[in-house]
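Chain IDs A, B, C and D follow the sequence of writing; residue 1 opens each chain.
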Amino acid sequence: MINKNKYRFSREFEKTDKRFSIGERLVHGNEILIIAGPCSVESKEQMLETAKGVSKAGASLLRGGAFKPRTSPYSFQGLGVEGLEILQNVGKKLNMPIVTEIMNTELIELYSEKVDLIQVGARNAQNFDMLKKLGMQKKPVLLKNGLGTTVNEWLMSSEYILSNGNDNVILCYRGTRSIENATRFSMDIGAIVVAKESSRLPIAVDPSHAAGRKEFVKDFALAAIAAGADMLEIEVHNNPEKALSDKEQQLSIEEFGELMDDARVVAKAIGRKIRKG
Amino acid sequence: MINKNKYRFSREFEKTDKRFSIGERLVHGNEILIIAGPCSVESKEQMLETAKGVSKAGASLLRGGAFKPRTSPYSFQGLGVEGLEILQNVGKKLNMPIVTEIMNTELIELYSEKVDLIQVGARNAQNFDMLKKLGMQKKPVLLKNGLGTTVNEWLMSSEYILSNGNDNVILCYRGTRSIENATRFSMDIGAIVVAKESSRLPIAVDPSHAAGRKEFVKDFALAAIAAGADMLEIEVHNNPEKALSDKEQQLSIEEFGELMDDARVVAKAIGRKIRKG
Amino acid sequence: MINKNKYRFSREFEKTDKRFSIGERLVHGNEILIIAGPCSVESKEQMLETAKGVSKAGASLLRGGAFKPRTSPYSFQGLGVEGLEILQNVGKKLNMPIVTEIMNTELIELYSEKVDLIQVGARNAQNFDMLKKLGMQKKPVLLKNGLGTTVNEWLMSSEYILSNGNDNVILCYRGTRSIENATRFSMDIGAIVVAKESSRLPIAVDPSHAAGRKEFVKDFALAAIAAGADMLEIEVHNNPEKALSDKEQQLSIEEFGELMDDARVVAKAIGRKIRKG
Amino acid sequence: MINKNKYRFSREFEKTDKRFSIGERLVHGNEILIIAGPCSVESKEQMLETAKGVSKAGASLLRGGAFKPRTSPYSFQGLGVEGLEILQNVGKKLNMPIVTEIMNTELIELYSEKVDLIQVGARNAQNFDMLKKLGMQKKPVLLKNGLGTTVNEWLMSSEYILSNGNDNVILCYRGTRSIENATRFSMDIGAIVVAKESSRLPIAVDPSHAAGRKEFVKDFALAAIAAGADMLEIEVHNNPEKALSDKEQQLSIEEFGELMDDARVVAKAIGRKIRKG
């Protein structure tokens, strides 16, 4: 389907796995990296408490949404620049690289300076203009698939970044819209496996958005590891019932700890390891 | 599903159909307006010849892509600002308002000045930041649904524009990604009918992108009119075999003329009219 | 996609439209035939009153479910053989050929004798064994597409009937399961248009099951006619609020009359006619 | 969505996992059972060689298609009763219970006598009449989901069997039709996890049909185990290149051995075991 030779994301362009480091954490090595943190940055206290919890449980990178892409304009839209600063401060304090979503090209300069891993969300997965500009800056990019995009389109979106000069791209699968309504999205193992086979880029998986319900997140995460995920991104909140967004799908710190324990055993079974911190 | 009272797109906000004019053409009146023109602006000659053809056949607005959202970064990306100028000149010469897609917020000022109807394509249908900024300028916006968005999400995207101050929004249905592979996308009559019932905004339909093959475009267009579409957007090229993009789905000027003839009869059957020019 | 030459459903097998008659009504001629009647046969009174209503409004064939395929085993499963007899008696009284769904091969002999047009529902659209056996009897078959089948698979299902000796098959599109949840199923115009282009068989459309809500049925029906449908199958009940199944989607007799009035005008616009009775 | 109390498949009907034995192999215990064998029974030699191979590698049950549901009537339809006899003889010789698909109700008596686990395929997943009759006989049933059915509908199909008196049902997930075209079907981890949470029945997974390509089958299988599958059904052929059906997705005996080795390690990681034979 894809003429793989000509594309920079492909194994024909470079046979070896693409590796790079974020704050001394090697991406796409044998160690699986865990990104954890709340859906939205809500306050300094919330962020600090959550970060301490996930750090202690072994997460390597800290996530938190400052600018939030919400279906409705009347839903909480995030704390914006203030949220970004809280995230940055907490990340520094705990020595965790930070991951947060970008929603427009005007923020690229700020993000390039302050954010360690710039996330492109599902809604902007084919915002080609933003992808081009993210290709012209240096910070690594975590690129989610679109709600209704195919694997081929997702890989082609990564090409917009790669072909503009930035080779540090992580593909992050967050589930696909489907005919099923029992979960928020479908987590199609095929998408992970095909992306891994076709591409030299590291593959992350976001089981939280796929599942949409906290009681399913662990099983989704274990399946993703078994299928070959190189990273996981998990939503964790110090007090999920009080979360300002996505409250059904965020794990408590304790639940995240249990997920990490099980993830370590499954990773070991397939000859890998979960990086600690 | 949607609590319609609080949303500006809804009939509960305002019972009457939202109407406004673009270059003296009334949108959402009894007359159906036809947008026609090539997928991409390729040259002055191509644009002028196509515009003359579609104008003569009765099209009211002229489309042409200057900045093109292509799945691959190596496909033709459009002529950019030069293409926009060609489109503008040809539109003026033939007294046709122009429609073209916007791909980033930095172009909003330019588009607000030069474009009569600013199109938001499927890939940016949930680029909320761009939608907000399009709400803060005055030109009407044609908002396509995303490849994998539901009707509810599409309506909510319009709310981002409406709630920021711009009440002149046209919803344009361009087909949905589905399990079927015999056409490029599925043209779900339900999406048109539900949008029309839930919203006071005018509904346009783009049969060209849904069908993906020129031989199906006319039947899709007639079905859209029968289902209640207020506008159609049709891809037409003066020489489709030589088109630089979407060559399979662009009609010749002659084929467009035949479509218009049939469209007039079906419109009349349901008590409406196709506006001439 | 399909190598059309070798398949009996295809226009390569026979260029001309496949025509045949059911009770002196010509199928696939210029006249569009309307099938109407309740979801389920519930009683002699309900059936007779409904049949009189739809007959007066111009329907050509009478439908009614005797054996009902319900998602839950605890939902009303139909009156069975008793329902079939009621349907047959009412059909005879009003001189309307009858259409009803078959759910197992053991009923084929009975149906071959009593039913004028044997319907295969979505759930049995790939029950290949039943299709083969329906190919070995003489009565015409109305074959619905499966909830999750492609057009190609649907056409191939018809081949099971045709290749076993029965050439009188009507393809009936009843909507497709999709990512959209605002309607019960998606009515993809492409499915109708592609089936019509690929196949010499008549195409019926069932807007009632696609829409799932009575207020949408008329617009779906008009769109189907505009797209080229040769028949429509519409659920009508003499007292929809009291219906034992699918109560949201059945039209009243009055609503059906309005649909017929509009259908006549749209049919005329495309050079066809709705057969009266 | 489902009012779980009233349904026999649900954990509200019975809190404990439903367990039963097939030829002394306990289903739904801590041990995961592996079903393996060719897509189609093609000959005594093929069946015997394959069975020896999968048995040695640890498979517990032997599969082989005698009656084959093929999209096209012109594809190989299976050896029928002769195939069933070959399968039965080979199963006896190697002391492996046999699993094969049933395609019509007339075969139920024969299958009840000769087959240890009666498989209902995707195309008959909502053939309610057959499900009812399978509920009236004693042999366990392996019920696949339909191509386009939801988890809710799949569970409701099991209820047709359970409510008619047969409590020995295994739910087998074989992938879902989706918008993705890089694999044959999507293997949605959510379907497995939701079925497991909602139902007391054992959950099998068929990674072969979901993947559609042999190189993906192992990763799909490991993910299924990590997500909680109680059984796997894997297509294995002694000479896949020569297979009469589904040649792209059948593993060689050697590849199956490698899958089993990895499956054992992943099963152990989550506190389970693959049963040996």
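Observations on the structure shown:
Keep this in mind: a residue touches a chain if its C-beta (ideal position, glycine included) is under 8 Å from a C-beta of that chain, and two chains touch if they have at least 3 such contacts.
Predicted model only: the values in this text are computed from it and were never measured.
The fewest steps needed to get from chain A to chain C, moving only between touching chains, is 1. Compared with chain B, the chain whose C-alpha mean position is the greatest distance off is D. In this structure chain C contacts its sequence twin chain D using mostly the same residue numbers, the overlap exceeding half. Look at where the CA atoms of chain C average out and do the same for chain D: the two points lie 34 Å apart.
Separation between the centroids of chain B and chain D, computed from CA atoms only, is 48 Å. Centres computed as Cα averages put chain B at a distance of 34 Å from chain C.
Multi-chain contact residues of chain C (touching two or more other chains): 148, 152, 176-179, 181.
Chain D meets chain C in the complex at residues 6, 67, 69-74, 103-106, 122-124, 126-130, 132, 146-149, 152-153, 156, 159-160, 163-164, 176-177, 179.
The touching residues of chain D, counted against chain A in their complex, run 1, 148, 150-152, 176-183, 185-194, 197, 210-211, 215-216, 219-220, 222-228, 262, 265-266, 268-270. Those residues of chain B whose C-beta lies close enough to touch chain D in the complex are 148, 177-179, 181.
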